[in-house]
Amino acid sequence: MKWRRRVAVIGTGQTVHARKRDDVSQQEMVREAARRALADAEMTARDIDAVVIANMELFEGRALPELWCAEGAAGAGKPVLKIATGGTSGTSGAIAGALQVASGMFDTVLVVGFEKQSEGQTTAGMALTDPMWDRHVASAAIGNFALSISQYMAARGVTEEQAARVAVKARRNAARNPYAHLQQPGLTVEQVLASSVLAWPVHMLEMCPTSDGACALVYAAEDVARRKCATPAWVRAVATRHDQPYIGDLDMRLLTMRTLRSAAREAYAQAGITEPLKQLDVAEIYEPVSYAELAWYEALGFCPEGEAGRLIEDGVTAMDGELPVNPSGGVLSTNPIGASGVIRTAEAALQIHGKGDTRQVDGASLALVTGYGVYAWSDVLILSSDPG
Amino acid sequence: MTGAVIIGVGQTAYEPAKPSQAIPEMVLEAVERALGDARIGMEAIDAVVTASVDLWDGRTASNIQVTEVVGAVMKPEARVAGDGLLAAIHAAMTVGAGAYGTVLVAAHCKMSEGQHWTCSSWAVDPICQQPLGLDFLSAAGLQARAYEQRHGVGASHWARVVEKNARSARANPLAPRGPDRSAADVLASSVIADPLRALDAAPATDGACVLILASPERARSLGSDTPVALLGAGYACEAHYLGDRDLTATDALGAASGRAYTMAGIDSPLRDIQVVECSEAFSYQELLWSEGLGLCPPGEGARLLEEGVTQPGGRLPVNPSGGMLGGSPFVVAGLARLAEAVLQVRGDAAGRQVGGVRRAIAHGTHGPAGQHHSVVVVGA
Amino acid sequence: MPQPLLRVQALLDLTWRYSAGSHFTRFFQALKDDGVILALRCPACRRVYLPPRPVCGNCFRRMEEWVPVGPRGTLRAFTVVHFPFLDPTTGQPRPVPFGMGLIQLDGADTTLNHYLDETDLGRLRLGLRVEAVFREPREGNMGDIRLFRVLAP
Amino acid sequence: MSEPLIIPGTITIPFSYAAGAAASRFLVELRDHRRIMGNRCPSCKKVLVPARSFCAACWQDTGEWTEVGPEGALVTWTTVYLPLPHLPPPPVTLGLVRLDGADTDLLHRIDGEAPRFERGMRLHPVWREARSGSLLDIECFAA
């Protein structure tokens, strides 16, 4: 990767994500995550040069919320900037923070993603979709996904049972993650398929929750990273692709997912990855619904087209599989929108730091992160213990 | 040096309202002008940084609607939700990092479509300030009063800023066609947030602004003949509670401009800079920001104006474009200031060109009473 | 005595006057006056787009060639929604269940997401022929297409 | 082409913001005891008003709570004359008040219109009879 200088994640921190946090304001919730990240990086607020906030403000009915909340991210008097790109806000914020340090403008950047959806109505953010078109044919994220899933199932022969396995893996992994919002250690495929249908074929237990939560990570330039952190999680690649604005523009969306394929190809090239399933040690990918994880397996080149169902059935992506996917429990278990992408990045980094405790993948040194948003926007990051 | 140069500038005409243009159509106009100015096609753009604020657009993820017109399909795009100059500084960092060779920066806002002051009441914290009804207007009223109390510089001085910028705007083909505004007109306009009068506040405006940044190497390979270097950049924020601040102090603006000057090798802005474009959402703010930018000691912004220093043709013209008071939308204003600074350095500022410009300052701000400041120094 | 935790209530009540712009104005005009659904063709890739927009995102080319499409089309995706979402245009939850589809109107390359009159999964499958059902009288906005009727095979 | 086509769009959505433990205690003190509370930052020693869980400038948890005021000095003020949906009918005066014992100013409503005020004027809180744990349990500050 041809960046001006190397950048690494040297600290992470997050709140215990929940349906509702009554005990903290948005600003205090941001501080809870920021304090933990600073402690993990053994740094004080003074050591932070700049702050990046990731948040989808309309879900809480706010404007420029970073002007209040950045004070909770050690940002008082400092350079503060907010990135907001829908579901990818967290990964785009993580990418923005890394690029800022790589530019030489700052040696350390604190990225904090957060959302406090309990403070608005869950569909608050959805009310202000495109006024000319989408607002008249609204069915929210679940409805939009269900449409694409019907295409995906028909074309790739994916079954409802295989999708349910993704939800079971997610909620069981989440049971070993003290920060996850939904933890169901004993969840079974049968229970998922028995849960109410939100929009065929998507059942309640295989759709992501809405959560209150924040997640922070500390970036440092190479010299600071080597001094402060035993095993820095070096940023080896970042890639972003956006796509056309309407769901109907995206032909066979879940099958093609051209943005994720293209971003993954670019990131793999930057990080020298040719066989992702074999070379990657762990992946934290952004799956708002069970079927999406299966579609992402194919787009990320974990398996040939149509083989995603086999991958989940054979446990290839389970904690003891060849490539554990979402040890954290993923977006299916925790979804504070602005934080979700930062959580993916932080969870990948703490695997490389060896701080995954009950959800640690032994010897994890090469991690993949993805972000998903809007209809087909994609981010990819690759972190490694090897600076490359 | 930030490692980035500016190779293209595109601005729409700024107008009180553009009822017949949807936001994508308005933004496309600025994009095409910037690409034309840089004499490149969209295929030469590596990445995009957009600036827009959802509540003003009345849309969640308000950058979705401009994805195609800013050329972000199958390309990286980051949306900075705030002032356009901050988006430009972020874009410069991504170029400086070596991640992208060219970045298109696009800011848009149609203030005519929404309720500006009420939207701004949602930009102050919901626990201790919003319940009282604080918004950008009343926050400015509190700051204007504090400034008047501390320095004895009041409405009659601010009115001269409006007079200067209205005259400059009439010479700027892109500014709204407004009548001349004498200081007397300003003082005769109705009081809206004592001590501020209607003409003390920047008018609601629609428009879009696009800049194209590049690494010096890519600019050369693209054959750019007049790249303007982004010599320095800085940004910082004040405390959020107005009660935690001295509203007459400009610490954040001082930190932001100090950082930009250090990077650009500027010792004295009055000596080393030939033109300033600052974001004066209210008349008194041009005086206060001039002080924060180090053009003069605290309280002496009015004297600078009195002595003609900041007039067009003065030693250091401020806002020869007409500035925000001349008509420059929220969110777009900071990026438009950078566009003007670049045009001044290039000698392409039709109708409003200042003589012999080698170094120019652009300033952007957002938040209540100028809580966040961005400063950029550009030069030949 | 546990610490009481208070919440501050606030009602967001805002209005916007969205400019439809020349492209949507032409689209809604044709919809209202003639019940015709107009799409735009990209001069470069020849793709016919719905809804209308200034440029084709793939080619970054302005589009000026209007093409009437539909009112019939082919069902490319479907679902039956059971979760009562808030309908933004009414502020009330939309009665459930309701059918949704991605409809490729005859002559168009992109699909159109819209409601279906069918809510029985047993009778929904990809490839079905559907037809737009217009609101009478038409008002010149997207609500003029009420939903799509599944045509008997 | 006649008049440009304008599509109106309105949303009405209630929001409910958690004040958090510290601000909740500050609001409860207004409601139950008609006391305005600040708390001190152990680092910069300032008494911060309204009371809050941490001092942002020092990035420190705040320490002991202390009552401030009730009287204070007017620092700056503005009277809004525009009719705005998020404000009561005009004129509405907002001001920053430095309460006795506080090191920061409290933003609140001031009784009366701008011309009659001066910097440093002594003000006192006017309490509402029916209080609900809101900043507006103080109706305004008056001379």
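First chain written, first letter: the chains are A, B, C and D, and each begins at residue 1.
Here, a residue touches a chain if its C-beta (ideal position, glycine included) is under 8 Å from a C-beta of that chain, and two chains touch if they have at least 3 such contacts.
These numbers come from a predicted model, not from an experiment.
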item	value
Farthest-lying chain, centroid of Cα atoms versus that of chain A	D
Distance from the mean Cα position of chain D to that of chain A, given in whole angstrom	38
Whole-Å separation of chain centres (CA-atom averages), chain C against chain D	45
Where chain A and chain B are represented by their mean Cα positions, the distance between them in whole Å	34
Residues of chain C touching at least two other chains	5, 7-8, 10, 12, 14-20, 22, 24-25, 53, 57-58, 88, 91, 141
Numbers and ranges of chain D residues touching at least 2 other chains	1, 4, 6-7, 9, 11, 13-21, 23, 56-57, 85, 134
Of all residues in chain B, the ones touching two or more other chains	19-20, 22, 55, 58, 67-68, 73-74, 115, 118-119, 122, 126-127, 130-131, 239-240
Touch-based graph of the chains, sorted into line, ring, star, complete or other	complete
For the chain B and chain A complex, residues of the former touching the latter	2-3, 22, 47, 53-56, 58-61, 63-65, 67-68, 72-82, 86, 90, 92-99, 119-120, 122-127, 233-240, 251-252, 255-256, 366-368, 371-372
Touching residues on chain D, where the partner in the complex is chain A	7, 9, 11, 13-23, 53-54, 56-57, 59
Touching residues (chain side chain C, partner chain D) in the complex	3-20, 22, 24-25, 28-29, 88, 91, 140-141
Residues of chain B touching chain C in the complex	18-25, 28, 41-43, 55, 58, 67-69, 71, 73-74, 110, 112-115, 118-119, 122, 126-127, 130-131
Chain D - residues contacting chain B, complex	1, 4, 6, 9, 15, 17, 19-20, 23, 48-50, 56-57, 75-82, 84-88, 92, 94-96, 104-109, 113-115, 119, 134-136
